[in-house]
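In the two assemblies presented below, chain A is common to both, partnered first by chain B and then by chain C.
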Partner chain A sequence: MNLDVDFMLSDLPTVFAALPSTLLLSLDSMFWALVFALICGGAQLARIPVLDKVTLVINTFIKGIPLVVQLLFCYYAVPYAVKWFDALVGRTYDPRHLPYFGAAVLALALNFGAYITDVVISSTRAVDRGQWESAYACGMTRFQALRRVVAPQVIVISLPNMTNYFIWLLKGTSLASIVNVTEMLTTARLSASDGYQFLEAYIDAAIIYWIVCAVIEWASGRLYRSAGRYLVAPNGATAQ
Partner chain B sequence: METPLQILSKVVPGIISHIPQTLLYWFLPSVLALALGSLLCWARVTNRRNPLYWICTVVISFFRGTPGIVQIYIVFFGLPKLIWAIGYDVSDWTAGVYFIIATTLNLSCFMAETLRGGYLALDRGQVEAGLSIGFSRVQNFVHVIAPQTLKVALLNIKNLEIDVLKDTSVAYTIGAVEIMGYANRMIALRSGLGQLWILGAAAVIYFVMCAVLEIAFNLMVRRISRYEEVAR
Partner chain C sequence: MTELSASAEATPADAPVVSVRGLKKSFGGVEVIKDVSFEVSQGQVLSILGPSGSGKTTMLRCINALERPDSGLITVDGVSLDYGKGKPRYRDILAQRRKTAMVFQHYNLFKNKTVLHNVTEGLAVVQRKNKQEAEAIAGEALEAVGMSGLEDRFPMHLSGGQQQRVSIARALALNPSVILFDEPTSALDPERVNEVLRTMKDIASRGVTMIVVTHEIRFARAVSDTVIFMDGGRIVEKGAPDKVIDHPQTDRLREFLNSLASREFE
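Then we have the complex of A and B:
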């Protein structure tokens, strides 16, 4: 089998140099996914009329369609949106600099926000009702109870699931390569197209993704063990 | 200028006629992965001195730690080279074959971990009880271990299968023609005219397919846990 090992080794730094843009895309998307999830989860937990049903329907629909379709939809919708926005603020439409990075962030944030909403809801419900009641008994307002008693526990409980989804998201950013966003997979493809050594470049990318995911998983395990030290499960055992 | 309705009436029949392809790209990997995943799972629950355990652990870690699209590319570009080295020419294989192989490998690893979770949740007493009433190891597996493992794992398998159904849309990146491939080809043919409507139609069809799959799995969950209801 003619695997060009020399090229594979020499291309590794090139692909690795694109890791920051993949991480930036992931973190950016994760931030907006969290914002979206907190709005949807908050609406559903607080049973805000109309809004809770609307967010539920939107989330169900988002979860039923592939990320690729969402990415392409946002990608194709960008020129229309920019044209509309430019007309609104009275600017001339310039099709040369379109925010494709933003489109990818929007698609990823909506897709994963819909899943993370479930994590927010289930983690909040996992906190014992007595925690709310004891906070009220101490004279805290609803917001104080949330901020000082409940939210810290929700964050710890949701940590394993959040990490899972972050790893999914990190892997999902590779799909952004099909919508003109320069991240690791695009870089790998471009670096290989000179000599048609795609296999070698993609193996490089796979190795880097693998290492990054393994590191995140390991780090989150350590974090959960130290943060979840005081977390008591219903059966009395502390989190392992 | 065409109205959206005219665009849809031209494109939707074509999209619907490609549903069988999408279902094939979903069904074949699912069946193959159930078999391969069971084997991987079996290797993962044997004792740790077995070198097979470590090999499978590394393989599963790789397939779970890298994006599906990268695996598809690696299979697409690497497998022909590998088979060429053995001495066969597979240049007439279609892109769909590579997609099915890559998805099967990917799904097997997720399936193995899901089944392993179900197997580890199984009460050891059940295994011993089966053996004590004279079941052979095979009988014990078929009548005691497999049904209970499946029951625990089924909810996670449902999520996996829905993900696989949605991820068939990635197949178009290597040139396989299914719903997404057809939609993309139509967008290119029409020079991007009405692209959002075409993608919207594809999205609705994917959503309906996922909803049907979800309902089917929910019925299966209810059936497989029907004895639980009685006990409660």
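Then we have the complex of A and C:
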């Protein structure tokens, strides 16, 4: 059996056309993962009573369950949730239009949010206590110190880790193909099913994933070097 | 900033700028400050000497509420916080803090901001000055510490002495009622110490009220109006520098001064 290179080339645009849906799913999930992580991380850093412990337990729970299981759980839980919600707002339950995209976003956001919580916490703790103190000594409120001095440093410190998680998440969206979300991998599979040229289609998908991830990593590196230029001494040595 | 200070009262001309009464502070059951009281008048320089662990840094940090005393009354330019009455309101802490500025042992410049923006930050964010005004004030302050021309550098690109001078400019620009110096030369290379001490002497000669925690005996003698020697959380001796440093009354201070002197000649 030979690799059908012609099909591989001709199928490339078809698979590539699904890239926006993969990116949309990734960005959507990353956004909610960040929101989740900021809430959990914030609660734990600020030692908000009860909430800090609750988020800690939720996070260990999420981290201890495979992403596939979470996707499947959200997938099968969606009809129940929608049914319940429709009953709550007095709407007629319609099983034909279930929000599977939303379910995939929920699963991905919770899963990656749990990991990104640790990035938020460790990056914030990596900012020297003296930065807070000198902001306070200048008369800033806690919020001003956070917004003007600490948070900008946290963003720079966390950028490499955040990028890694985003790349991981982007590849993780391929698992959403098992829960009826048409993203790039699903599109590759569907496009190959007529001629059983799955290997070719998956190679196409792999190439596109790789290029996209490489571009993201390159862009993040550039951003890090420019936003983090204050960390680099003239002799090239890097602090921290 | 008086509109922020709920407990501000009109300060009589001869009233002290900083007044500390009955200050006590413990960490985990260990009393590090045991009933300390002192006052500093307008334009005066107070130096605080003492061995490590004598409570001098903690006491300084109580004056801008970076540490919360267990009890005591601290007044800075009319804004009083009475810690004996429990936890003060946050707005009162802010009001008192905004009467002070601090120079830290490890400079603590905002790492991600240039020299200029380190100085303008407090002016813009806290004092709500516009950009031109803030930059004009920052320019003057940087001029005063001899750091003009390096406005666009990041702290990482400066020597320790230069960073400390920027941090003095940052404090000076806020035009506080008192500047608190926490061992400002302890983290510096010996060669850089003098440039910072000279800068501090310049600032003192402008009539800025200063409280300086230091190990630099010669600086304390040359610049201070009053010297306090602390040990074990108490003020052991207090007075004019020629009295305290040249004619110590207690064995403990003599011992301390001797240990510093012998270190110098090793």
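Convention: the second predicted complex is superposed on the first by the 231 of 240 C-alpha atoms of A that agree within 3 Å, B and C clash if a C-alpha of one lies under 4 Å from a C-alpha of the other, contacts with A are read in each partner's own complex, and residues count from 1 in each chain.
Here is the rule we go by: a contact is a pair of C-beta atoms (placed from the backbone, for glycine too) under 8 Å apart; a residue touches a chain by one contact, two chains touch by 3 or more.
Quick caveat: nothing in here was measured; it's all calculated off a predicted structure.
Touch criterion met: A:Tyr76 reaches chain B, while chain C stays clear of it. Contact with neither chain B nor chain C is seen for A:Leu45 once the two complexes are overlaid on the shared chain. By the touch criterion defined above, A:Gly139 lies against chain C but remains apart from chain B after alignment on the C-alpha atoms of chain A. In the superposition on chain A, A:Cys213 makes contact with chain B only, while chain C stays out of contact range. Among chain B and chain C, the chain that touches a larger number of residues in chain A is B.
Shared interface residues of chain A, touching chain B in one complex and chain C in the other, do not exist.
The touching residues of chain B, counted against chain A in their complex, run 61-62, 64-71, 73-74, 77-78, 81-82, 84-85, 166-170, 172-173, 180, 184, 187, 192, 195-196, 199-200, 202-203, 206-207, 210-211. Considering their complex, residues 128, 130-131, 133-141, 144, 148-149, 152-153, 156, 229-234, 239 of chain A touch chain C. By the touch criterion given at the top, residues 1, 64, 66, 94, 97-98, 100-102, 104, 106, 108-113, 121-122, 125-127, 154-157, 167, 170, 174, 180 of chain C touch chain A in their complex.
Listed in rising order, the residues of chain A touching chain B in the complex are 1-3, 61, 63-70, 72-73, 76-77, 80, 167, 171-172, 174-175, 177-178, 185, 198-199, 202-203, 205-206, 209-210, 213-214, 217.
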